[in-house]
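Each chain gets a letter, A, B, C, D and E, in the order it is written, and its residues are counted from 1.
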Amino acid sequence: MPPVRRFIRILLTVKPLLWGTMIAAVISAASVLAPLISPVDPLAQDLSASLSAPGGQWILGTDALGRDVFSRVVYGSRISLAFAFWVLTLSLLTGTVLGTVAGYFGGIVDSVIMRVSDIFLSFPSLLLAMIITAFTGPGMVNLVGVFVVVYWAVFARLIRGQVISIKSMPYIDAARIAGTGPFGIITKHLLPNCFSPVIAYGAMMMGDFIIGETALSFLGLGIQPPKPSWGVMLADARNYLFTAPWLMLAPGFAVLITVLGFNLLGDGLGYLLNPKQHERVGVSYGNTEG
Amino acid sequence: MRRNKKLILFVFACFLFFAFFSTGCGSSNVTGVTTAGGQQPKNGGILRYPLLDDPISLDPANFNEELGIEVGKEIYDGLVELDFDKNVIVPAHAEKWDIKDNRVFTFYLRPGTKFHNGKEVTAEDFRYSFDRLLDPDTGATVAWILENVKGAAARMSGKTEDTEGIKVIDKYTLQITLENPSPSFLSWLAHPGAAVVDRETVEKAGKDFKATGARPDIVVGTGPFKLSRWIPKNVIKIVRNEEYYGRKAYLDGVDFKIIPDTTTILNEFRAGNLDFIDHIPPGQKSLVEKEFPGQVIRNTIWNIEFIGLNVSKPPFKDNVKLRQALNYAIDRDGIIRVVLEGNGVPAKGVLPPGMAEYNENLRGYTYDPAKASAFLAEAGYPGGRGLPPLELAYNVREQNQKLAEAVQAQLQEVGFPTKLKGMPLPVYQREVGAGALSMFRLAWSADSLDAGCILKPLFGSKAENFFHYKNPEVDRLLDKAQSVAEQGERIKLYRQAEQIIVDEAPAIWLFHPVNLYLKAGNIQGVQTNPMDIVPLSSIWISG
Amino acid sequence: MVRFIVKRLLALIPILLGISFVSSMLFYIVPGDIVTVMLGQHVDPLTYANVRKALGLDLPFWENFIRFIQGVFCGDLGYSYIQQRPVNQIILEAVPVSVKMGIMALLINIIVGIPAGILAAINDKRISGRVLNSSSIIIFSFPAFIAAMFMQLILGVKLGWFPVSGSEKGMLSYVLPGLALGLPLSAVNARLARASMLEVMTQEYIISAISRGLPYRRVIIKHGLRNALIPVLTNFGMFVGAFMSGFVLTETVFNLPGMGRLVFSAINARDFPVLRGILFISALFAVLTNLLVDLIYARLDPRIATVIVGENTDAAG
Amino acid sequence: MQECELIQVKNLSKTFTVPGGFTQRSYIEAVKDVTFSLQPGETVAIIGESASGKSTVGKIILGLVKPSSGEVIYRGQPIHSLKGNGMRAYRKAVQAVFQDPHSSLNPKMRIEDIIIEPLRNFGYRGDCRRRLSYLLEVVGLSGEFAARFPHQCSGGQKQRVAIARALAAEPEAIVLDEPLSALDMTIQTQIIALLKSLQAEHGISYLLITHDLRAVKAMADRVVVMYKGRVVEKAGKEEFFRCPAHPHSRALLEAIPVIGGLQQCKVII
Amino acid sequence: MEILKVNDLTVYFDTRCRPVKAVDGISFALRRGETLGIVGESGSGKSVTALTVMGLAQSIGARIVSGEVWYDGKNLLSSQDLYRQVRGKKISYIPQEAAPALNPVLQVGKQLGEMLSVHLGLSAGDVRRKTAQLLETVELPQPELVARLYPHQLSGGILQRVLLAMALSCGPDIIIADEPASSLDTTIQAQILRLLGTIKAREGLSLILIAHDLGVIYQNCDRVLIMYGGRIMEAGLTSQILENPLHPYTVSLLETYRCLEEGMKQPGLTKSCPPASRENIPDALGCVFAYRCQRAMDICFLKKAPSLTLDDGRTVSCHHLLHLRQDGNPDARM
């Protein structure tokens, strides 16, 4: 079966994956195409149109400063996705390097890396992020850095666990016997096989990161206004709950859908990548001899 | 004595720099007591009143922050106090006083006044309290009240063990000698920081006296209310001081509920859990007037909100055109409409309308983007080219946030590249005080009937002056105005000074806000005044 | 068991040292001088020196760190320069509020989350199971603070069923915050319980138990549930962390004077000693909870508590 | 005699430390004082029940586990002293096929990559693709398998791939660690036949580690019986099957279910 | 006398693309007191058959398409309630691997006792006594100690005995043993089988023994079913079938076996042939074995082979025999 058709078949089989992929694709597309989609500049104010209700010229209404809520929500997806993407990439990178080193080489290196990660894991993650932000100051770059500091340990643990369990697989022994060196074993044999659960988990974590960013921005510790971050918009909307509820609903719904999308994606991937499920969804061609 | 309200950045050091009281003047400018038609005030009831945070301390020596003052003014009393009704200095513990050469002040205390713990208040208590403010070990933040007292400098630097200028004549007589003559010294003494404290209690409590959440047996004052309970981040309860020497409070007590967020405050009011709130969150101001007809009190306060420009640093240094261009770029009406929901007056210049010195004919600035662009080009930055990004700093609070965003958008419209820099209040306070910011949002309240209280601390070269603005002519005019007794002449001098300042534009003048209070239907006796102070001892609950 | 506890407690020491180290590091990672950050540039030298001394910054890092450790052993987390009182006292005031809220959230979790997950698993193929499962993923994806605001508005302000904010109305005050905090976590737990239960239900011992003719209900409860709950329980350790983070948001919205609001106000006031104390305490709490969870885990799962012995023990294969 | 031995195992011992959960750590002596040798072109079977330490011996020989004491001597040189090229030569000389064909092939690699990996690593100079198709042919797989992933092959096919991988290095010896036990009997016979034909063709030595005496009967020249980590019997195959010396060997033999009458010598355990 | 009768049993696994026919219309009967062997390669459907007879098809995700399982005059498949009455009590099941079949968090004694109290309603004291007694029956030393241990603390051999004790606990008529102990060492497997045989003889049970090793079948079973691709290829008395196989599949199995048995003296089936696998067997119009059969004719691919019952009582389903019979082979009849 050609890969594309196979992919489509898998999508159609695993419903959460289908929905998750669709949502993630739509949101990603929206964030990439934000300038094309949004009717106006998300920062452009029209004080005369302050707090216009949804409908008509303003699809989702305007906020107090007369900015188009729809454009802001669309641009907000850029911030959220970029943030989550960078945090995921960087913490995954750090976690992978440290986790692999710890898991593969073991011994003292392992102990040291694991004890350090223990320490980082024992701090409540969002709390630690908030407090470090207090020191470093808010802003996108700082926030990404803070989240990486907070979350690398999670990935390091996950990867290490995977590395350790994969390490004992006979095919690793087989590779060694086939003359492959440590580097080759790590890059060709360990890591490709470690990543299945990490990918599913990573997709879930994207959702977590987005919620985290929204929460911090909501508290004023994250992305700073006037950047149209969803958290900023929510914080803004709080005062207008009675007068302009759409201000809360639009970004709130955006957060919900995006996070839901990534959670579904993670769910679906987890389901798909869990070897036990292969049989049930019929994605394996293999000969089931059991 | 003035407490700037929450929405205004509070900067203490210049608090009463220029307070100047001429007895009998200005009563016409004062909003009277709001009373329910013909009803007699009656005793009883607890007022539930929100406080945005815990006061850091209820030690008068630390009353440089408005939250401390808001509670502390009800607990502590000093020698004299300000009559909110008439805006004059009236006796408190001091029954009467002699002033010689504006230098030697002799106070004759009321005999028989008592601390909350029952001890009698004597001149020695005042001597101790004042000396304590100057004692470097106290770390008082309001020591500036007594800066001018003879020997204060030596005491503050730790060279002497007591203050030369404070003398106990007898049990009920206290004499204070100043270094330099000062007619306004009396009004300084009305500051809650200059309150009397009980030596024994303070010394026994030690460090705890300054701590947040101090126990009632430590917070011992002489005011109309006494502290009954302080649960940090929760509630401060004060109850009527039945032994009070003056007119006793009507309320049985006040519960200051600590709610750090105005939206929650309004929600609690909606739910009937608060009786009086003085902070309406932005976005709901117009709503509450419909929601609670007759319960909203509009108070036109003497206040100017502006964006200060640091004229000692580029790009604002020596570039009046640039500063004026900024002033022309701002749509004040639009900002008032969306940020204040219409509760404000656009500012042409510095002084708020209602003040005697307010000048209707001032050459000020109006919204004129074309002119702004032209001036920007004249300033050497056509279309904003070559202009480094301006960094607009503000303390993060809903309304300021919105204001900053609006201003940023309007400035960028004209071609000023503008960035925003929001900071938490304590950080902002420090940065503004240190003069480190180049563009900063600030509001300034009048603390007396005299325009000097706005102009001098802000623009006098010897005062705090966050703008680093220096103009000898302005200094001369302000000094002269201070010494002139005749009102018409004084007003003229102030107007002259204001015109110079406005022309030189060390700030973007924004607006004069109108404050909204919201009270429950049965709350009576709320005094409003242009200084935005709500004395609680005059409030009573009807029905 | 005692041996295990002792061993685990001993293993905590390096972690606690590390936590103290990271917490203490905060003072030194700030760009620039922290006292200047706190007090501004134009502070008089005396105050500056006093604050430096109060924070122990006149000492080199190691001494400061050791002093903090010593303090921790004596139950002293330092002194808040802003509030002018010991950090312990400040934290102690806040802890009960947060604990009550946490208990509320946990109760909701136990009453709502786990049964929902189990039911979803048992009815996996039925509509009810699907509804439970999809609602759990939706709730799980919903930022708690948005829910909190709507709850406050509708149940508190409009309907007046619960206090809008504050902690004065006793346990009633904690219902909404508990819901706001507990529901998303219940959803997490429901998902976990469901996955765990589904996993367990495919285990051979379940089929085997059915093949032995045991009634279905008994199989579910006696053989399925207990095994399924083990991973769910392990997850409770995670809650401490999630709670601590959740407190900040919910307590801010509901104005509860707990740890979360303390953090928030300490962040805004740059009250570093308090922040350090909270960071330390919350980490300590998380670590101890995890220990407790492990102990319960060991009790529930005999595979953990005992060394494996028997014929098949050879590691050599 | 010494010279013609390919691999000599001398007094090999291995003790594993089991980090005891909460009690003391315990030690397991998996291998105790094992000595035997493997000649070029012959098949030696190590027989034993699970946990008898036979797999550990295999792993030590493969250099995957370090012995606690004793040594493995390859062509007169102790392998732990080998470094660099010497070690590489040893690795190339001694290959392995493992028990579980599912887990001994990297699931993320195609069959071709799996087989080419040792070619690359051991510096094969010829055309890898041609060698690949040759190897596939040798193990009886058609060329279409090259592009498949392991999960697209059956167990027997996977085991053939594993054999092809081992052959790729042109080894002198292959350690066969229970190579048949996961396979159906029909497939077993095919694999045995394959292995035997390869041996006949290339003169490879096999170290067959198994508990399946039928495989031993089919393949081995000599037999080493292990029990609880020790060698309890060493014998030629015929001799072993005719009349085993050690009671444990007899128990092993007796347990084979056979069709037809019970023809073993009667032993009382 | 037949104690259990299976008629036309068809069980599918529903994968997303097409149903996999795990069991494809098989019928057989178990006689009182006999041991019936079911033998076949992996994927031949023998385990699914056993689980379906136990009424557990749904539990492993399979779907029963058709079929009847008659026991005690009732078709058990007609209602789950019937199964509830017999499962564990009258028909017991011993799974292939013991360790995963036991709840890891319960002591083995408790799990055994649970059956006693649920099925027999014994009191706590009786349960304890009976438990110990049962453990003794399966030749476990120190039954009291074993009862108190958790599964992970016991070796596979002991656990297999515990499962045997469980199977015996309620005095069943039938035990279905699915490759008992086949994952363990041959010595232990032999012990377990010997024990099973002894108990069976003593209690007069009927036994269905599933195995893939012809030797096991030969030594333990009275009759045998040879399964391939979900269908029965050949069935009859063990001695007849294994000593004189008729079906090409049986022949090839035995050939392989002998070849191995005799140390590969004569080269066996070296030809690479596709393995038995559910997915590799197309929705066979014809005989499922045709693709591997060296004697396959055109008709084998086109038409399902009917089963023939021969004079000696064995059943064979192969077109060749049909041809033979049509050609006038005297000893074949329909």
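One rule holds in what follows: contacts are C-beta pairs under 8 Å (C-beta built on N, C-alpha and C of every residue); 3 or more make two chains touch, one makes a residue touch a chain.
All of these numbers come straight from a predicted model, not from anything done at the bench.
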Going only between touching chains, how few steps reach chain D from chain B? 2
Contact counts by the stated rule: is the higher one at A-C or A-B? A-C
What chain lies farthest away from chain D once each centre is taken as the mean of the Cα atoms? B
Inter-centroid spacing, chain C versus chain B (mean Cα positions, whole Å): 42
Between chain B and chain E, tell me the centre distance in angstrom, where each centre is the average of that chain's C-alpha atoms. 92
Intercentroid distance (Cα basis), chain E paired with chain D, Å: 32
Cα-centroid distance, chain A relative to chain E, in whole angstrom: 50
Got the chain D residues that touch at least 2 other chains? 50, 154-155, 184
In chain E, the residues touching two or more other chains are 42, 275, 277
Residue numbers of chain A (touch at least two other chains): 238, 241, 285, 287, 289
Touching chain D in the complex, chain E uses residues 41-42, 184-190, 193, 212-216, 218-220, 242-243, 252-254, 256-264, 267-272, 274-277
For the complex, which residues does chain D have touching chain A? 59, 62-64, 88, 91-92, 94-96, 98-100, 103-109, 117-118, 121-122, 151-155, 162, 165-166, 168-169, 184
Chain C residues touching chain E - in the complex, by the definition given at the top: 203-215, 218, 222-223, 226-227, 230, 300-303, 306, 308-312
Write out the stretch or stretches of chain D touching chain E in their complex. 49-50, 140-141, 154-156, 184-190, 192-194, 196-197, 211-215, 217-219, 251-252, 254-260
Residue ranges of chain B touching chain A (in the complex, touch as defined): 262-263, 281-284, 286-287, 331, 334-335, 337-339, 396, 398, 401-402, 404-406, 408-410, 420, 422
